[in-house]
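Scrolling down, you'll hit the structures one after another.
In the two complexes below, chain A is the common chain; its partner is chain B in one and chain C in the other.
Our next item is the complex of A and B:
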């Protein structure tokens, strides 16, 4: 056990170094693409878009100085990385408010929408995928595969638009935009009901676009495992299909499932850009899109950083769990 | 050499005969061929160019709507082109000469001993039998030549007479006292002109077409030319070109028009080109990058592998869509840059797969024996490794396309695409933000999305069939 534990520590330590290096290089890439490329290669000055043209040169300089845009690129980069890691995300070019407080305004909405969508997608996708694989070769299985492939060919925003057209405009069952009615209802029960009514269409969009792929992933995962020799052995031993699934197959598919769950998790925070934009959801994803089109880089970089950092952290946790349950990984 | 070609033809033949066994793959191939056909022959299939505006009224219905009750009387496009012989002369003053000259109508007045006003009143009668239109417009090309002492002038007016006899003067040139050529850039009037609405006594919010053409019956278009010539030597000449009058229909083409009066069907047809081009080019570029990185990384191993894979992982960890959006804001307006961008952010998975595959080949006996007899790396890569990779290259070339198509559509839908190129994503952007939803114009919203979906689906089906044929290793035991 002690040997195994030492192996685990060493493995996780090495992993941590790798992951942190990737975060740093991803940040560098983002900085290069968002700050160096437009300004130094294409000659687009982000401050041009938010500075009032009537200001004098001195006033402009002052504002640029406030945002730290007058410093050299290298020092901007160092400051940017350091401040991100200390939790200071700077100020939005447009609203002049701290990025963090603006983020906090939108975060609950995004967590609500994406959290519900992710959890439901995983549960329904798992169930559908497992049913499909246990009934492999039947009509049910074929229809799951067919509809998953069909849905995967739909652009996500188009699914949203169609739902919007049918349920928002023709049938008028759901509101066509927004997160809550204006003014918000006072009664908490009605408030929640109103929020859910606004959430319905984006949620359905996320589920339609999410479940098919996930179910197909689960199905194929199980299917490749069922083709392995150990399954043949287990069956030859006389275990019934259920025992084969639970005792042997499930253990082996756990690692990739945990990995994919870890990749889903950061989306709960960073939101769904397309769906939130289509339905005018007051969330992080739409904010990110608006900020990107307005050259509001503090916001863009902060949200991207959160996403990268969360991805790395959740994958790291996934690595840890996998290493704990599967000794082969850490001994490799 | 001939034998190599022959074996290649044999390989293609056997591949096609295997493809025949995959019904869905054949379907995908068929749909794809249809799209390619449409893309190539787009100028012949679509009746007009995709960017031509004002073909009919904004938000026109598709013309086949006229078979449904309630839509049969929607205003049609009426375009009148009136030249010399079309006009009926209602009044012509003595001493005013009205003849045809080089396809133009020429009006000539020679001045005499006294200053006089001479008139010419032309009329064209037409029957209007549809519901009131929203918009009409007209063009009056003319040329005025005054060879005269100061003081002579020409005045051109145009009016519409309703069946009830009300006269609406829609155009008045006001006195023209010097030479003026407006044959190339004719004088125009338009029902959307607010000053015209006010001049005729309507509110700026009224649709002039609805007010004037509110009856079914015989309408008259009148052109009134009055020439005042001062006494003395000289002449006044006026030439009239082909006078155009049009009523903008609410029925147009196969899919109606958008908010600018562009033909939606043409946009749909031309959109095929962009999607196919983006999909295929981005796929080729991203597979090429992935192949180079994967092969080098897998074959070289060690430090080269670590550096390349570190870079690959960096890109894999970076959220692609937000970053693409942020970059597209300043470079996306160029289609080719956009393609390059899409490709640059989508090669990583293929590179990783290629690397793993190359690593497994690298250690195989035939590569080791080739190395043992002193074959250079380049030779081994091209002679032994790449041929092994051919199936997965083909499969990936096809399988990468749908992603690129969907990504391009998404970026265009966010209005980050090239605005001069008609694309399905941009059609949907226009539909969303120009009011197609509020008008329930499902014929605008549904076709572009389905076009994207079926194109992506065709590639997916074809890719799956390729996968099944070329990649027998994946045939799963059940």
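Our next item is the complex of A and C:
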């Protein structure tokens, strides 16, 4: 009665249905929150926010029509879902430019900042966490726990503003805003250096607030597993510490780690709303914040949709990997 | 003597609190083919004793004294790398409370057994698997189940797998640490019978650790009673059972019902075991002992020999011979 591939296929099929349901329900929720609630329930007419108040009613009507706001809710919903799935994200209410091309302008900056931050957070957090757990119970471990809790309790915006004040305003080591100097340097080497100088403070902010929590997570994960009896059995068999870690513990901690990584990954695309806003970083996160405050629905929808879709896809891949590692999962 | 433990001392260091005297000045010896039962209540240091012998201590566990001789060689001060390769599992193996988590949940049981075989002997995976199947069949499990995962086995079967794994390399000594805890009574009996049969067939020396004195005495040749990190009485099983000398042994025996003896009320021992961070001064049992004298509060009793094989750690055992615990 060992578990074969049939169990895996069935399991992944079930998960796929679950995940599609998640996407559809979150799309519906987004539609309700962004399209129905403000305009039809609260009576907020988005045209007020971006139109010249001196326009005539006929002109306003024309513009609403352009954006499809005159159609029935049902047809708006169908159009909305279809366009998202076909990759057509519509036009920004605010700039009238295609959402897709605006996204592509910002995406490299976000991927650069968040990608670096995520990879560094994971690597440093992993190392710190494993060092802490291998020295568990010592003062070193205790101080890592203490400082991790301390730094991860700081809100992003507070750390960001503090760094801006000290290193940007008083010490003037780093620029206080933006992604690149104006006008951008011509020489490619200077360009990269300039970009990195702008990136330093937001990156440090993300690292400070991210590493502590991740290191603690890793430490506790390993600690729980190291306390399990099978670890003692493995040691008693005569395996050395490295073999115990690699052959026994790693397989058991892998599942939660993969889950966390799967949840981190979409952030590389959808950005960090608060940090990007604090540092005026020309990225997707700040764009989302601006769009939300300007009632620029197509942009908000596009970013949220990308976030949902990426989360679902990366979690699905995580499910598959976990099911391959842990036979118990397939039976659920 | 196959195994001699002399004055073994192992303390846990608790940050900011001090030392837990988990194993304190423990003496015993074990012959080939002999079974030693170690009995005591939870937290008395039984399991700490087991993992001290195999040097499987957590980071804060420190061996502070004593010797463990295996065939006359001190394995406590042996190079750890050598100990790991030559002693662990090959000569001394251990069975933990297997019903729960002693097997790795995500690896096939056959692979877990084969891992032990291949680690210590130069055989191919195929040969190792052959041995795995014969081991499983020896403990009453169909060889085809080697491909199964631990969660596909019942508690009793998992314990059988653990026993098969422990015997994989024909060790001289098997430590069974609460091997039947968390199993139901019928399965318990089956597992004990299995250990007994295998022990006879392979001339294995067994250290059987349990809180259950009647279970242990069914299998043991010798009995060691542990209290608060120390062995308080050690001797031939029948001798200890019929002529207990230490008040704690007497108390333990009078707390167990017997279907053969006269009907009587079971007795419990008043008080609770001491905190091993600060064990009581003098005899560790004195706060709960109805026979304590002034001396017991002041001076720690020696572990003295009463007869050839009978040892006790009590100031007043002579005067108390035959006196029942009340």
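One rule holds in what follows: the second predicted complex is superposed on the first by the 327 of 332 C-alpha atoms of A that agree within 3 Å, B and C clash if a C-alpha of one lies under 4 Å from a C-alpha of the other, contacts with A are read in each partner's own complex, and residues count from 1 in each chain.
By definition in this document, a residue touches a chain if its C-beta (ideal position, glycine included) is under 8 Å from a C-beta of that chain, and two chains touch if they have at least 3 such contacts.
Quantities reported herein were computed from a predicted structural model and do not represent experimental measurements.
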Overlay on chain A: chain C relative to chain B, clash or fit: fit
Contacts of A:295 with chain B and chain C, given as first, second, both or neither: first
Partner chain in contact with A:233 - chain B first, chain C second, else both or neither: second
When both partners are placed on the shared chain, which of chain B and chain C touches more of chain A: B
Which superposed partner A:275 touches (first chain B, second chain C, both, neither): neither
Touched partner set for A:207, first chain B, second chain C, both or neither: neither
First, second, both or neither for A:137, with chain B first and chain C second: both
First, second, both or neither for A:248, with chain B first and chain C second: second
Which superposed partner A:328 touches (first chain B, second chain C, both, neither): second
Partner chain in contact with A:99 - chain B first, chain C second, else both or neither: neither
Vertex chain A angle, Cα centres of chain C and chain B, expressed to the nearest 10 degrees: 100
Touching partner for A:149 - first (chain B), second (chain C), both, neither: first
Closest Cα approach, chain C to chain B, once both complexes are overlaid on chain A (Å): 6
Contact residues common to both interfaces of chain A (with chain B and with chain C): 136-137
Of chain A, residues touching chain C in the complex: 1-3, 135-139, 142, 228-230, 232-240, 247-248, 251-252, 325-328
Contact set on chain A toward chain B in their complex: 21-23, 25-26, 29-30, 33-34, 37-38, 42, 44, 136-137, 149-150, 152-158, 161-162, 164-165, 168-170, 176, 223-224, 226-227, 270, 273-274, 277-278, 288-289, 292-293, 295, 300, 303-304, 307-308, 311-312
Chain C residues touching chain A - in the complex, by the definition given at the top: 15, 51, 54, 56, 59-60, 81, 84-85, 88-90, 93-94, 96-97, 100-108, 115-116, 119-120, 147-149, 151-152, 162, 165
Complex contacts: residues of chain B adjacent to chain A: 310-311, 313-315, 317-319, 321-323, 325-327, 329-331, 402, 406, 409-410, 413-414, 416, 425, 428, 431-432, 437-438, 440, 442, 445-446, 449, 452-454, 456-457, 460-461, 464, 476-478
